[in-house]
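Down below is the structure, laid out as structure tokens.
As written, the chain order gives the labels A, B, C and D, with residue 1 at the start of each chain.
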């Protein structure tokens, strides 16, 4: 999937200008870090990409389709091709870890057999094979985050939106997750990741888009967390 | 406040042994980092300290009082002397940023005047003076976390329990928050902070308690995130 | 819908019922209570209506014949009235019987006092098919030769007609009011239970679920909850009503109570259908707001 | 409670009512609907009871006197009966009047037919204070010298007494059932609204709020919601009932309807008190589960 933002602005109903005239093109298969201070607008970009929010001005396009003009009925189909790692996890509290992950498959009408194969596999990838029958409230913060990651990738999405996917993880687990994302990326999945993890951004040397107060400040191939200047 | 854990074990109702025979003494005015992999039991120790959970075995004492034996009616008084930064923020969704912070003061019966003075002051300390009238759902992840921090410290508590207080913050803001906590600590407040922020732990050289699968593995004065061995 | 989707819907519904146990209980209770009130009100209104018809059909026209009529002529008049449209029955109270009625309980011999001559007229009692016909019939009977006087308690009949008219009207209003009240109450409860799960719905949508994928389990759940409530209500109403009828028919033999199997079956059917319908529709409608993400 | 705490409670309650606007609306509607049903049921039962008393007090004892009594003797007997306990009124229907009643409407002259001699007895009509006294009074009147026969429609009186007895009993059961139903319905709704806010309660407790600090705004909110619902219900019931009475008293003049200001005031008071009480108690009780953290 390729992504194209053209002069996009987002003003929330209460008047906050979270995004100001942002333009950005992300090609299929790219790995992009979104960095910037707290409140810079990283999550807002991600929310625009899966149509949680609509742009106030400008055009958000995914695979050539303008999201502003997308009919409500088509939105689920858009989202099925996107794996989203939410900053606040958004797990279903009444479903077990297994069922939370399985839900992303059920949504696309996967067969029972497919679910039986894929869910345990992805759970062991994030190191939660033993907690499959737990409920979200019975998990530590980092474990919840990993369930969210598992749900986002189980579906082999062509785009992964990761909002702070390692915020609650220790460095070792963070690297496990990063390797997981890098692997997925290698198979052709586009990845957009908002993060504060300086170490990770600096050592991976991927494309970095830096934001400040709603504006895109810097866009570097093989960039670092801080400015290179 | 001083804290004393004596052979404390915590087994959750579903059989998970989150804490195994942990002993720990933290003196008044200390600054202690709790580190360890995801699911090691850091949050569990914090939950025991403000009586969200009760120890299954062993004794948890704060200021010489055993929490296991504390009457339910006394728990609010315990909590009023503790500022808690929750891993998942726990902000009141129907209250504005200002009211969320003010709530911690109202709970102890602070006067209207006191509230009018202290709340804006602490909000500007965490850099949210402009968002006082916003609701939690209108904030970015990092902003929500800072509201939680403001609420935890507004009351001049004698103990601050911080669970991953910088998980959603960029490095600069993280350091601002750390300086805030260090300041508070200098005034005599005991601080227990569970964290994955290797940089911060390594550069501050405070006491580090490292955990692994429910056990306390290492307890070093002026320690680092990883083992010094 | 594919087999695995169907499986999902059924499993999901079952799980949801169990995991939101007490919210389910709340919905079932509300449905049950609302329908119990509605059910009892229905039996009450039906019985009152029946009682009203009963009272109306008991209104009689008294036709006094001239004293000079021979038994043959009397029979002729009776036959003529019986032939009129709207007449249910005509019974004769002969002058001798009438005197005997007055005599009974009095010790002095009336007939003797009267010098052996019975001054009372023969009387025909006419029952009609409906109370509304009484007036017209009386007017038609009056001119028949041999008829001396026609009486039907003019004031009372009007009163009774008015009373039963109003009773039916109020009964209908009552049922209408209660039906609306039930629907509103049940919707409120279902809406609140859906509201408590709005976050879940939002998350499902974020993960790419279509509206119908989310709706089906809610729909089924609402229907099952509604049915359970209705079953409970039906059991209570049927049991309570038949019990009451049994008691009352022993003690108030003169009040006719509807006790036909057909009536009770219809009542139960009505309650079950309303329960299932309000439950499922309530879920769907409440969900709508939260699907818009 | 300090001033700033009081301020907090009041402000908090007001805010909560506004911010949970539609949950508040749900509670108010439920309270209103439940109390409307209860209120109308109360007026119905009261009126039925009044009607029952009315019917009972209309039961009469007919006392036929011997034909040989002089007007003086008749007066004496009348006075004697009037002196009996439980007697409300005694009216005399003289034999002449009785004959005139029979005569009316008949064209042939009865008195002439009877040879100028009126064979009918004088009749005293006795009304009693309550239906239960009729039997005993009749037994006491019977032996008075000069009394020929005493009749009071033995079968009918028993029927009426039974009917009114059952009517009262069923009315009471109805009110009981509806009162319980209202309480349950309102509690369910309040419980669901509190349930939707359980996380908030938990957070408040984590920050060090005492149970009462959390309870007060909920309590006040519940009370206000209950009162609002009750006010709405009162308005509707009073308006609806007085309107109905106005219509019915024009059309059913013979049915006595309670329309005293006192009755309506009591009804409104009862509804307001129940509304406030169920609302605040409901909040408190529902909160209990969630305060245990």
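Throughout what follows, contacts are C-beta pairs under 8 Å (C-beta built on N, C-alpha and C of every residue); 3 or more make two chains touch, one makes a residue touch a chain.
Being a predicted model, the structure only gives us computed values, none of them experimental.
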Chains in simultaneous contact with chain A and chain C: none
Other chains in touch with both chain B and chain D: none
Most distant chain from chain A, judged by the mean position of its C-alpha atoms: D
Distance between the centres, which are taken as Cα means, of chain C and chain B, whole angstrom: 67
Chain A and chain B: spacing of chain centres that average the CA atoms, whole Å: 28
Chain C and chain D: spacing of chain centres that average the CA atoms, whole Å: 22
Chain C, residues touching no fewer than two other chains: none
Residues of chain A engaged with two or more neighbouring chains: none
Contact graph of the chains (line, ring, star, complete, other): ring
Contacting chain pairs - touch in the sense defined above: A-B, A-C, B-D, C-D
Touching residues on chain C, where the partner in the complex is chain A: 2, 4-5, 7-8, 15-16, 19-20, 199-200, 202-211, 213, 292-293
Residues of chain A defined as touching chain B within the complex: 12, 14, 16, 35-39, 42-43, 87-88, 134, 138-143, 145-146, 163-164, 167-174, 196, 198-199, 225
Touching residues on chain A, where the partner in the complex is chain C: 50, 52, 72-73, 75-80, 82, 84, 86, 90-94, 103-104, 106-112, 115, 151
Residues of chain C defined as touching chain D within the complex: 23, 26, 29-30, 33-34, 36-37, 40, 64, 66-67, 105-108, 110, 113-115, 117, 119, 121, 148-149, 151, 159, 162-163, 166, 170, 174, 177-178, 181, 184-185, 188-189, 191-193, 195-196, 244, 248, 251-252, 254-255
